[in-house]
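Two complexes, one shared chain (subunit A), two partners (subunit B, subunit C).
Coming up: the complex of A and B.
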């Protein structure tokens, strides 16, 4: 596979700029802060009322994964904005297109590199469960489902970000557009709850990118939710591929 | 080796290249000469398969650029104008990345990279970050990435632009060393560059071929056939009649006249005949007044003057 040299290059570039490290630090600081807060709250409650039967999975991890999903909605665009926009701006994409690579390989390498970055971001959070395990039992299958959910969710974020990045040669435009679309896909459920659109609420709720995360955060594997994310990822990768193949983004620059 | 026929590329209403037909033989170095905006870069991008032509076709090594893009990519090395870099990578990292795209095994890949570092004089900079390199070295990295898979065809877009005279000479020597081994097509807007490196020249302007030939034959063409412009006092009709009879004069036209006593005339002469002494003599013999006389080059030189910036002497 010719993806690997490209993937290798992408990761080298991603982790040689400050963007990755700043994003990584910001993510861990906020998630760490929320983890400590949530744990202390649970400790206080159990001290006051005794064992209430609330599991740590519900009281800590479910909330934590929900927060992480929202934080990553704002942070992944920082990792994806560069992917194609910068290559277009610098002109390196022109060169890549003269190598024996097809456009799909380029797109997959970009997607996988951003996905690998997110996995690296999430790795340290495993320490939380190891820490909690000393005080309360951890349901590992629930935790695994939560991680699967957040990875699928981030995959969707990345696919949208990659698509936005192929539209422009300006990284800021790409990032702003990505956040805009992701916020739209999140808040779309909210308008369905207002009265004139009440009959649409089920449909609009189904479109919401975070609604589908609920089952994962509870530790429930739901085929329709998995399908939703996979379809979303495939859809955005497909339109990115078509956009890149059409070469219509190629203006006259001489 | 390269056959382009009736290439046309339109960007919306702008015709960047129109009906361009040319071919390059195996082992030949062809110079693509023209001013900025003549359609050189567009043509080279079409040849490199970056985007398709609006009309027309390109065959490289027997493959069609539209249908067998992958086969062609394996056979060409392309150096874009203003070689773009990944500033975060080192020279070796970058070249190894390019080489691994070419499906070499690890050992072969390292050999190719080493070889190309040597050829392009990059050994001393092999561990430098690309963003720290001077322009000359960046351009060498550009050549190195085009050469790393040892292609049959090289497409070089302004390979010497922005370099200092010493670097220009080195790059030119490198390109000349490919003669007979690789088919090279290089673009430039500098006239002496083609006479130094190329065996054949194609001059294009506004997307069209305006002249073609060896550098020598083109230079001869430029220096021979010419216009002579004179300003003389006397009856214009008589002047036209008398001067038409001078041997070597093909045509004479009055460009401007003032009150029938004075006029400006444009005289077209045969190639390689300087008629100025005879014209002067004829005017003096008829007791007219010769005010100015100027040699003006024919259209090809007009093209050169307008289109091609003369390189400052090194």
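Coming up: the complex of A and C.
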């Protein structure tokens, strides 16, 4: 695949900056704190009432994955803000566009590098399930579904972030715009809940990026949720591609 | 460019809409806890006409909406209409909804039923009532010192009774002292370990009932009256004076007299268990059954549940409430039947059915709701089969069987070290390593 050299370069750049390690540590610290909190809460309930009948998958991991989804909503823009905005600021975007890669391959390489970063972020969290398995049975199929869900969700975050990053040469503007859009896509369900029309609440609920994560967090695979994330990724990658293709626009802006 | 984008957006929205309208779901949890129970699915698959659910739920009530969505996915014949009662009070008035939300109104043809505080059980039972017409009646036989079907104590059967009510049965008691016939509306008659015999007149009543398509569930105990044992013998079922044990399968913590069975023989009652690894069925103080070989014409007796091939029957003597083993040497060995079914073909359209269990305690309050066993499923399936409503036979939903999650001091320290020091420390160590490497470049 032609995108691998660029992908490799992107990952090297990402993990040579302090931003990646600070984000990585902060993410694991917050998720670790929440994991301890959930585990101690369940242990306390079990001690007081005996077997509570709640699976650790529901009592610990479902809650943890929901929390991680919200934390990543704020941290993913830190990974994506640089992707195209930095190239524009440094004036290397035109150079990049002269690579023996087409625009789609450049976008895919950028997307995959950010996606690989998220995978690296999530890898250490597998240790939580290995720890818990000593005390309670882990439903591995449920855990796999939860990881699949969070990867699809992060894929959507990255696609939005990549699009925002191509609009500007200012990384802070790109990150703020990404967080704004993602928060909007999350909170739209709340607007739906207070809507007087039931049908609107269903429509707005369907547009909410985190609502679709709920079935994954339970260990349920729903085709409608999978297609939502895939189509969202597809849409934002497409509009980024179209933006990159209109080179004359870039020329005017610089 | 803008037109292209709008066109693409339109296509994507259409695709998502189609995906939302025709979703497929796979519940990957071990006990399928986020799917409708088998019972509900069976009920939905037996729908012959369209059904409308008017859901008076608040927009924020995602739990009820998710549940109703499951029903929608499961049957194309079912349509859910959502109404927010706060914004459309006139609709609530039209349907006569006065209770606070959530309330579901189910319409099936011209019939209608309201379900308040809806959950899966209530909705499915309402569907059952609407689609199956009038409720069926279960009678508990009284007057022969039977075990108390309404007592909430450990040895009572109030949990079985309330479960039958939940499953849409009408539950009544019946004493045939005056020689009257067993009521015409009887779907099944349950006899719980009668410790007194019956009058000759009553015997004729029972024989007549069975020969005219009657349905009887008989739970025998250690002290069941001899007259009843002889009565069952005439239907090909000999209940022995022994205690059945299975040294090969002992459940940890269960006493010597508590038999755990695993062998269920093919029958509509046991069919829902096939292909699954069900929880064990525990029979406290079970008597073995011998199937008579010489049977009247048109009668068949089949075993339902047996011990493993290593089962043993120990001879016993029952005096008042005391059980004494007569010998340590078993009088019988092998797969000993604990439950069996007699089916009788009569001149009438329906043949009589008699299901006999060698233990009466297995369905009492102490064992009925025990999450670790499938006792409840077996007894409810038997009653459903007798009452000939096989669509209600299913494994009944269970909560997650999870052991207590207990952490000791050492484990808590390890948990803190792993989650707050070791794993986040990985980021710091890698960051410093990268920084040092770059400094030396």
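The working rule: the second predicted complex is superposed on the first by the 243 of 254 C-alpha atoms of A that agree within 3 Å, B and C clash if a C-alpha of one lies under 4 Å from a C-alpha of the other, contacts with A are read in each partner's own complex, and residues count from 1 in each chain.
Throughout what follows, a contact is a pair of C-beta atoms (placed from the backbone, for glycine too) under 8 Å apart; a residue touches a chain by one contact, two chains touch by 3 or more.
Worth saying up front: this structure is predicted, and the values here are computed from it rather than measured.
**Q** Between subunit B and subunit C, positioned on subunit A by superposition, is the outcome a clash or a fit?
**A** Here the two partners, once superposed via subunit A, fit next to each other without clashing.
**Q** Is A:128 in contact with subunit B, with subunit C, with both, or with neither (first, second, both, neither)?
**A** second
**Q** Just to be sure I read the superposition right, which of the two partners does A:6 touch: subunit B = first, subunit C = second, or both, or neither?
**A** After superposition on chain A, A:6 lies in contact with subunit B alone.
**Q** Could you tell me if A:238 is touching subunit B, subunit C, both of them or neither one (first, second, both, neither)?
**A** After superposition on chain A, A:238 lies in contact with subunit C alone.
**Q** Is A:223 in contact with subunit B, with subunit C, with both, or with neither (first, second, both, neither)?
**A** second
**Q** May I ask you to decide whether A:164 touches subunit B, subunit C, both, or neither, giving the answer as first, second, both or neither?
**A** Neither partner.
**Q** So, does A:16 touch the first partner subunit B, the second partner subunit C, both, or neither?
**A** A:16 contacts both subunit B and subunit C.
**Q** Report, please, how wide the angle is at the C-alpha centre of subunit A between subunit B and subunit C, in steps of 10 degrees.
**A** Once the two structures are overlaid, it is 160 degrees.
**Q** Of subunit B and subunit C, which one touches more residues of subunit A?
**A** C
**Q** Between subunit B and subunit C, what is the tightest CA to CA spacing in Å in the combined model?
**A** In the combined three-chain model, subunit B comes within 7 Å of subunit C at the C-alpha level.
**Q** Considering only the contact definition stated at the top, list the common interface residues of subunit A for subunit B and subunit C.
**A** Residues 16, which sit in both footprints.
**Q** For subunit C, which residues are in contact with subunit A within the complex?
**A** That would be residues 1, 4-5, 8-9, 12, 15-16, 19-20, 23-30, 33-35, 59-60, 62, 82-84, 86-88, 371, 399-407, 411-412, 414-416, 418-420, 423-424, 426-428, 430-431, 434-435, 438 of subunit C.
**Q** With touch defined as at the start, can you tell me which subunit A residues reach subunit B in the complex?
**A** Residues of subunit A touching subunit B: 2, 4-6, 8-9, 12-13, 16-17, 90-92, 94-95, 97-102, 247, 250-252, 254.
**Q** Which residues of subunit B touch subunit A in the complex?
**A** Result: residues 11, 14, 16, 36-37, 39-42, 45, 48-52, 70, 73-74, 76, 78, 80, 82, 84-86, 88-89, 93, 96-98, 100-103, 145 of subunit B touch subunit A.
**Q** Report the residues of subunit A in contact with subunit C in the complex, numbered from low to high.
**A** 15-16, 18, 20-22, 24-25, 28-29, 32-33, 35-36, 39-40, 42-43, 46-47, 50-59, 124-125, 127-128, 131, 134-137, 139, 141-142, 144-145, 192-199, 201-202, 205-206, 215, 218-224, 227-228, 231, 234-235, 238-239, 242, 246
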